[in-house]
Amino acid sequence: MSKDLNIWLDDLLGDIENIQFKRKSSRRVRVDVGSEALPALLELLQGRASYVHLSAISCVDWIEDEEFELVYHVWSYETRSLVSAHTRIPREPGVYLSIYDLYQPAAFFERDIHEMFGVFFEGSPDMEKFILTEWDGPPPMRKEFDSEAFVNQHFEWEQYHPQWLKDLEEEGGGVTTRPEDIRL
Amino acid sequence: MSKLDNIPVRHQPTEAAGRKRTNPLAHVFDELVKFCQSRSMFMLHYCTGCGAIELPPAMTSRFDMERLGIQPMVTPRQADILLITGYVSIKTLKRIILTYEQMQSPKYVIGICSCTVNGGMYWQSYATAKVLKDYLPVDVYIAGCMPRPEAVISGMRELMSDIKSGRAQNWKRYYENYDHYLGNQQKLFGEDWQTPTDIIAEARHYGLMTDRTLGEHTALLEKHQRPLEALEMRLSAREKQKT
Amino acid sequence: MNLSELLIELLLMPLVAFVIGLGMVLMMRKIAARLGRRIGPPLLQPIYDIIKLYGKRTQISHGLIHEIGIIMAVGGYVAAETLLPVPGMNGLADKGGVITLAYVMMIPSLGMALGVGQCANPNGSIGISRALTAMLAYDIPFILVIFGAAYVYGTTNLADIIAIQQQQGVSGWGLMQMPLLALAGMLALPAVMGKQPFEIYIAPAEIATGPMVEMSGKFMGGLFVMQCFQLYTAGVLYTTLFLGGGAYWITFLPKIYAVVAIPMAAAMLFPRYRTEDVIRLMWKWPVLVGLMGLAVAMK
Amino acid sequence: MTPLDQLLLLSALTVVVPLFTGNRRITGPLATLLYTGQGLLLLRMAGLGYGSETPVSSAVSLQVLGLELHWRFDALSWFFALITIGAGLLSSWFASGEWAQRYRDSGSSLRLFHAALALNVFTMLVLLASGELLSLFIGWELVSWASFLMMSLGSNTALRYAMRYVTYAFAGAMAVLMGLVLVYTRTGSFEFQAFRDAVPSMDADTVWLLFGLFAAGFGVKMALLPFHLWQAKAYAETPGPGAAFLGAISSRMGLFAMIVVLVQIIGVARLVELPVPFTFLSGRDLLAWVAVFTIIFPTFTALRQHDARRLLAWHGIGQGGYMLLGILIADDLGSAGGLMHVFNHATYQAVLFMSVTAVIHRTGTSDLNKLGGLVARMPLSFLAMLIGIIGLAGLPPMNGFVSKWLVYRALILEGSPLLFLGAVIGTLGTILSVYKLIHNTFLGQLRLEHVDIEEAPSSMLWPMMILSTVVFVTGYFPGLVLDWIASVQAAVGLPVLAHHLGGVHIDKGGLDMIWVVSVLLAGFGVGALVFLSGNRSKRVHQLDNYAGGHFLTADTRYQYSDNFYPGLMHLIGPWYRKSFRWLEGGFVSTVDTVSQLMQGLYRHTHPAFYLLAVVVFALSWVMGGD
């Protein structure tokens, strides 16, 4: 039965203009859509195409294109297939619309993305700190945030240079290139 | 912690400051208590990180820690050993310090997994504390990115021999160098960091105060500390304590 | 039985009770380990635990009532032991009968309840409310059994009860004369001892060992000592009522350990009962069997 | 002027004095002094209490319509009078210090309170001194009115509950009056002796009728089961010391009258011969079962209360069941247990009510969910409540245990297991609810607003401490009270209990409280030694607590007090179907409809004629008789 549902979904998505639609497998569909059209698409998928479960919202930081990519993974129990709706929003204002009214779990995904990437979702019920309650620095998962530099600046963790390590290094032993300097 | 001499070295087993020992019999009694402390260690059932998954196999039928007299206990009040297993995130470190201060000494800390030694594979993460030793005195380290139960038990036996020989006195260092530890904690958690346990009063009560217990960091703590005196039973509020 | 002999007995009985109680705690942990295919603790582990707890350098207390609670817990059982006759020592059995003993056994739990109350820890209060509810549950069949025994023997003095049972040898045992009452007593025994299936009030994961949540050092040591006394008192009371008490130590000890071992072995296999299930179980089967036993015994 | 007259005169004086001294501060101490005077006069008649004196009769005797009213004191009335005056003295002492100022400042009249208290004591003494049935009835009515006056002093809700009490009391008095009229038609006089001689000749159903009427009539005041709904609310709403007095002794007057009529005159042996048709029960068993249910149901209702005074009032009803059960067993042990329980209950119930009043005086509320942790600020009140609840629960060091032990021992000797089981269920329910009481008020988290309250004033502490020592001392040496009870048993005609200072010695298992309590205290000493062998412990702040890694702050309220026994309530919750309140409601509505019917009939056609018909019918029915 799910076979013809898939076909029906393909031509449904096919005849919507300016939407890139690519079926990866019988259970995976990727859709690229404009940022202003995404809520309508989700409403359509939820209402008509039985995609009632929002399993995740993930965010990708394209720092070169100055853009965030938001991916909404919605799942249907009847067709047992996943639709990933990709959209791009500009990085600078980093503000987007919340889909809390469609899927209530979105509140937590959006709160997490807000904390990790700084994307502000208007209409989302709760935008406070979610997991990093002790963190007051910049959103850590943005690409311009250099975690290692932060660590070296705030934590004095490598001064542990006991005498036996110094003797080893004088004889030329020890590690020549430090593990963190190795770049593949 | 930049100067090397500031690193507290392993504590020589000095005589217990609080008690003056005169008769030899007291020595025999001390030996018995030390032996019993080594043979009956209560382990706090608190999984701080990923390494805790190695503890159930150490307790169940194959390795059976109860042979060594080690029992898992639920609250810090009843426990002697605090196992810090796996990476130590800043959030968890607050709870670890709270739990450590709620434990009753002689108490021991075992750092399991290499993340407690020098940050391990999460050394680059902004959210983990790298060197556990800065924040509370650690007795035994068990390296390995999750050591097997045999390694955990060998670490326990190492601690048992330390206790029996009297070398495991690190818990005193927390009282004796409280300012050093508090400084590191305040550096991480901010100036207004405070735990409900009144360590300074406890050090004074048990006679473990030294000149290094109080310092600039504890002065900082004094400024904003909430009153922590015990609710003494009193008949009337006439002699109002200084609030 | 002059005064000095009585005083020696009053000192000796609690000590004997403590030592036998340690053996019972060890047996309990060994049985639990063996059922889990583990080797279990070494021989003197309970003593190591208690000496270590009393050897702790720092302890916290939440006030005078917290300390008095622990003192009442240990002291109550020390007093209860003197009411329990053992071979060679009758102690105060004739001064207070089996009803007095049942009430003196309640004092330690009340003392602990007061001590835990002052710790101001919700886990402790929840644990105590469950412990008292469990006491209400198991005390009804327990009292029924005591009534039946006291009525059939015609006396509440435990020393006389032992004497009556020993006149006709094994056939005179309570077990032979009142099998149903003995069965009801055995059904209620695990709850009286507060062990495995009925220890919802110490549920470690749910309410952090309930009443023992704020007990450190010598407070915890006091509760370990109380645990030894608890097992000993339950075992010896059952033996005195139904297994002819002790004429000689050689026959008395195996009886007590058997009485304590049976519910223990059966207990370790059951998951923990919820509080209302403890009440429902205790008020259904032991009370039913007890009433039938009473009907038979009192015809 | 016999000592009895002097006592009654002084008691009448105590009623009059507060009316003059009025709302001034002197009223309290003066009243307390007068009560001590009454106590001394009572002690002059102490011979009654130790069986060495014949009943002291009053010189006053009235001739009314050819019936002779006279008053006298015997051992039974002396025993009850001792408790009454003791309770009155300590209650008025409690009400004379700071409590009186607060009571007066809150607008209520101190004059009326002290007058009501004195009136209660006076009317109870008159009831206790009654020489024959008519004066018994007069005293009974006076006591009902006096306690109504005391109950109605509180707020207007107290007035509503007092009105409810009066309807119950009035119905009970009517039942007693019918009993009196029936006795008069049978014996021709109201003398106890005449009634006692006539009893053997009465046939079974007249004795059944008399037994029913008197048991129901006096049972209302004692709050036996079907008629117990009024007492809890009425006592809880009475102002503090008044509640302590009423809770301690007022409902025991019903027991006194029941002893006089059922035990002294009709005799329990005669009750045993009264068969209840179609069942193996006898009259005595029926009343014993009512007593056992009176122990169980109110105690488990008390378990659910969340107001401390309401909880204690419900326990007052429950404990009444023990007294009646003990007396109905009618052997030396059981009756001694029942009578001693009257004294014991009076002492620890008064202490508990006073302690709760002290808490209300300081914190303003007695709601168990709004209190907590007061032991740090009110240690002596905590000690008083602790001794009170150990007594109420009946645990060894205190006197409550001795009387319960006597009742249990008698039940075992008599061999009635189900009564024994019911009584034990009641005891266990008491232990659960008293722990809830002391845990929610004194233990647990001290609230922010209670951090700087003070201990109760000394005028409240002294009565509490005296009562606590009485509870402990009579628990340690029960012989003190058992002497009085032996003389009461002799006076009432029950078998006398052979006792010694420590308790009772029976070869088949007696009780020696001196040994048991000393061993217990020695045990506590050993416990203390074992405890002190550990190292020094440090007192920590209330917030330095294990909360699963959470940082506790003072403003979060983590005290566990509401729905204190969820497991138990989960199981027996559905059993509380308010069946008695439904029964009362049903009865009230039937009476309502009948009265409306009569009123309709009565107002429309020839009212005088119907009134005459009813009166004639009533008189003929009563006079008709045999």
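Letters A, B, C and D mark the chains in the order given here, with residues in each chain numbered from 1 onward.
The criterion applied here is as follows: contacts are C-beta pairs under 8 Å (C-beta built on N, C-alpha and C of every residue); 3 or more make two chains touch, one makes a residue touch a chain.
Please read all numbers here as calculations on a predicted model, not as lab measurements.
Student: With chain centres set to the mean of the C-alpha atoms, which chain is at the far end from chain D?
Tutor: The most remote chain is A.
Student: Which pair wins on C-beta contacts, C-D or A-B?
Tutor: Taking the two pairs in turn, the one with more contacts turns out to be C-D.
Student: Whose C-alpha centre lies nearest the centre of all protein C-alpha atoms?
Tutor: Per-chain C-alpha centroids compared to the overall one single out C.
Student: Report, in whole Å, the distance between the mean C-alpha point of chain A and the mean C-alpha point of chain D.
Tutor: 73
Student: Between chain A and chain C, tell me the centre distance in angstrom, where each centre is the average of that chain's C-alpha atoms.
Tutor: Between these chains, centre-to-centre, one finds 60 Å.
Student: How many angstrom lie between the centres of chain C and chain D, each centre taken as the mean Cα position?
Tutor: The answer is 35 Å.
Student: Could you grab the centroid distance between chain A and chain B? Build each centroid from C-alpha atoms only and quote it in angstrom.
Tutor: Going by mean C-alpha positions, chain A sits 39 Å from chain B.
Student: Give me the residue numbers in chain B that touch at least two other chains, ranges are fine.
Tutor: Within chain B, the residues that touch at least two other chains are 75, 77, 202, 206, 230-231, 233.
Student: Two or more other chains in contact with one residue: find those residues in chain A.
Tutor: none
Student: Hey, what residues on chain D touch two or more of the other chains?
Tutor: 373, 375-376, 446, 536, 538-540, 542, 544-546
Student: Touching pairs of chains, which are they?
Tutor: A-B, B-C, B-D, C-D
Student: Per the contact definition, I'd like the list of chain A residues that touch chain B in the complex.
Tutor: Touching chain B: residues 132-135, 137, 140, 147-148, 150-151, 155-160, 180 of chain A.
Student: Residues of chain D touching chain B in their complex?
Tutor: For this pair, the touching residues of chain D are 373, 375-377, 379-380, 446, 452-455, 536, 538-546, 549, 551-552.
Student: Under the stated contact criterion, what part of chain B meets chain C in this complex?
Tutor: 16, 18, 32-33, 35-37, 39-40, 45, 60-61, 64, 66-67, 69, 71, 73-75, 77-78, 80, 104-106, 202, 206, 230-231, 233
Student: Any idea which chain C residues touch chain B in the complex?
Tutor: 29, 33, 36-42, 45, 47-49, 51-52, 55-60, 62-64, 204-205, 208-209, 212-217, 220
Student: What residues of chain B sit close enough to touch chain D in their complex?
Tutor: Result: residues 46, 75-77, 95, 98-99, 102, 195-198, 201-202, 205-206, 227-237, 240 of chain B touch chain D.
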